[in-house]
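By written order: A, B and C. Residues from 1 in each chain.
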Amino acid sequence: MIEPAVVSAPPGGAGPVFEARSLHKSFGGVHATRNLSLSLELGRVHALIGPNGAGKTTALAQLSGELQPDAGTILYRGEDITQLSMAARSARGIARSFQITAVFEDFTVRDNVAVAVQSRSAHHFAFWRPAAKDRRLIEPAERILEQVGLTALAGQRAGDLSHGQKRQLEIAMALATEPTVLLLDEPMAGMGRAESETITELLEQIRPSHAILLVEHDMDVVFRLADTVSVLVGGALLASGTPAAVRQDAEVRAAYLEESI
Amino acid sequence: MQLFLEQVLNGLQFGVTLLLMASGLTLVFGIMNLINLAHGSLFMVGAYVGATAVAHSGSFVLGLLCGMAAAAIAGMLMEVAIMRRLYQRDHLDQVLATFGLILFFNELARMVWGRQPIGMSTPSWLSGSVEVIPGIPYPEFRLAIILVGLLVIGLLYVLIMRTRLGMWIRAGASDRETIGALGVNIRLLYTLVFGLGACLAGLAGVMAAPFLSVESGMGENILILTFVVIVIGGIGSIKGAIAGALLIGVADTLGRVYLPTVAGLWLDPSAASNLGAALASMLIYLLMAAVLAVRPQGLFGRNHG
Amino acid sequence: MANLRRSTLAAGALLIVLALIPPIAVLFDNPFLITMVNRALIFALAAVALDFIMGYGRMVSFGHAAFFGLGAYTVGILSTHAAQDLPLLFGWAGTNEALLSWLLAMLVSGLYALIVGVISLRTSGVYFIMITLAFAQLVFFGFISLSQYGGQDGLALWGRNTLGGFALDDQVGFYYLCFGLLLAALYLLYRIVNSRFGRVIQGSRQNELRMRALGFDPFRYRLIAFVISGALTGLAGALLANNNEFVDPSLVSWMQSGNFLVIVLLGGISSLVGPIYGALALLLMEEVLISITEHWQIILGPLLVLVVLFFQGGIYGALRGRPS
């Protein structure tokens, strides 16, 4: 078992709000996740980087509840949520964006976010009132669309959006669920420069009130936003620490950074 | 006791029929992702053609071959004309289109062979009994059916697992583009696979014909039971299909034999036989409901949604 | 947009024509027309209930005939006991009052939908199709086994129900009642589809993973929708029992389930009003084909195949124009 080299720890916050301890996951003979531990703190961005196939998405799937780890614990605000489903975690304030865009293609952009807003209210089994006219859904949705920069496209069918715009929509939906923790799987992938900028600024804005896990390939974004960087190789943590420290670490350079720069 | 063991063997025989059907259906579903309701119609074609061939020639073997050939040909024609256009469509469309085919085949059967069920006599050279278990004679013909069925399943297994054709078939199930790039003629492969599935259904039909009434609509009864086998066993699982087929085969046979007797304990004979028969039919579905309530993915299924 | 208006106008025209069938029948001195279209309306109700879950929720049920038959038989059994004054349960001898027996019909089929749904809605796709079919078979053989209610031969009713004391024997009155119920069901389902509840159903169809990630558990919603669909189909069954004054197990056959699917397909899936076109189209096709040959199914079968292969949107889709 390789101990991850904690190259240098960032200054402590108020204690982790979201914590994963010793997660293990195998598929058949393949160890997709090995003894993975990481933590997220309010007001901090934790970036997870690593080469393709390192198991980043699998790790994220376990954190969000899409997959059950074979061993290990996941804690949220001190509560053990390892056995909880994705829906239950979302209800508690853990939001996720997906690597392969997952939006409601036939709904308008506005309605996509409206459904996300709806998830926070108690009135789901309302059978009568048209949701399209429900101000309690529309108004928050439009506010978030503005935050994310999609107001102009609010009435468009989500399936007709460009790839980058769909990713923006995903983030909007994640935000609409009023989460504390954001698990973002390559949110910038496929975005143009301008869109990427908008999202990066958005993340900077919301950082103080959220704990963010960012899986990313774009090193510029990572080194700009992240307070902590963890490097995942072959399902295990190779190193974890401040961006500067990780960048200098020899092992990390050998395994990963050299290739991607 | 003797009756019971005999009936268990009969159940085994029925199970083999179901397994042949389930294999054909799963083969097509697994490789072409096509759900074919007309699989039962191919069963019926095999039964009708086989029975007719036997009636005209007196040879059971000829009947067997004719039935299988007719089903295979019908299947391949179906594939070229219609199934090809359905591979890319979603399952609902496939269900509806093949439902239309069922109507067609059932009416065709009525037109060609009339509404009266036809029968098929068992071959005289297999009319004796064999003592499978000492002291318990069992009809040779039924035993032959069980053995032939198991043999065919065995051959199928060898074909899929040990031959080059089988390799292409398995590869085609997981990655169509790659094997196309390797130069394998996908269209031909699919037609052959479909023909193989149809052949299995036709075989099952001929072998079941002496024990059922060969009539329009016979295919659907067996098709629905085949569905139950697959659902109970778990889609995609060979072990499951075998377990399911045996379970359903034995349960159905024993149910039909013993439930009327049980019902007769407190009902008069005709009402008992009526109720018993209906209960026997219901038993299978109750069994399915029970299995699914406990294991939604079937006995050996992977966690499908 | 023009296409949407065209299809809406067509639907409006259709409903007006349907409302005028009785006077038209009188005009052409063809009272049989009313009975025929009435039958189509009843099937349309069942098909609309099916389209609700099929089109919007992608729950393809190949067993809806079970709810249809349960509704019909509930009415039939209650009516038979009432007519003969035979005690049914705890001394109660059934009823011939529609308000009670139709409600019970909906309860019975809704309850069965609940049972079927709880077990089968954990699955989807092909699995779901097969399981719903099997559950319908269970009911089918169940009814065949009820020899005291006719078994395979079926049960003739002593007459139609009464509605609040009024007899329903007048075909014109009954026609408008069925038509009214169909319209009410359409409106109800339309509201549901566009409500918050409907959003979850539709969203789950489009992307279930995303729905879960937002915190919804689609199962509960689908189950409720399935039960609503089952209950409405049961109501259609109750109406059919009255229309034909006869119930038999063929109402629960897999063929009947297939018919409902065909009606939804012909009319246009996910359109709610589509199944009305579908029911009328199927009725028309059957009448026309039967007059040509007694072997009409040999034409209907391939016709269905052609419709599936080449007319994907159904009649409603054709009116609306191909979606972009």
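General observations
In this section, a contact is a pair of C-beta atoms (placed from the backbone, for glycine too) under 8 Å apart; a residue touches a chain by one contact, two chains touch by 3 or more.
Everything numeric here is computed off the predicted structure, so don't read it as measured data.
With chains as nodes and touching pairs as edges, the resulting graph is an open line.
Chains joined by the most contact pairs: B-C.
Averaging C-alpha coordinates per chain places the centre of subunit A 45 Å away from that of subunit C. Centres computed as Cα averages put subunit A at a distance of 49 Å from subunit B. If each chain is reduced to the centroid of its CA atoms, subunit B and subunit C end up 31 Å from each other. Not a single residue in subunit B touches at least two other chains. Within subunit C, contacts with two or more other chains are made by no residue at all. Residue ranges of subunit C in contact with subunit A, taken from their complex: 191-192, 194-200, 202-203, 206-207, 209-217, 221, 224. On the subunit C side of its complex with subunit B, the touching residues are 54, 60, 62, 119-120, 122-127, 129-131, 133-135, 137-138, 141-142, 144-145, 147, 151, 254, 258, 261-262, 265, 269, 295-298, 300-305, 308-309, 312. Subunit A meets subunit C in the complex at residues 64, 66, 85-88, 90-91, 95-96, 98, 102-107, 111, 114-116, 118-120, 123-132, 134, 137, 173, 177.
Interface residues of subunit B facing subunit C in the complex, by the touch rule stated above, are 29, 35, 82, 85-86, 89, 91-93, 95-97, 99-108, 110-111, 220, 224, 227-228, 230-231, 235, 271, 274-275, 277-279, 281-282, 285-286, 288-289, 292-293, 296-297, 304-305.
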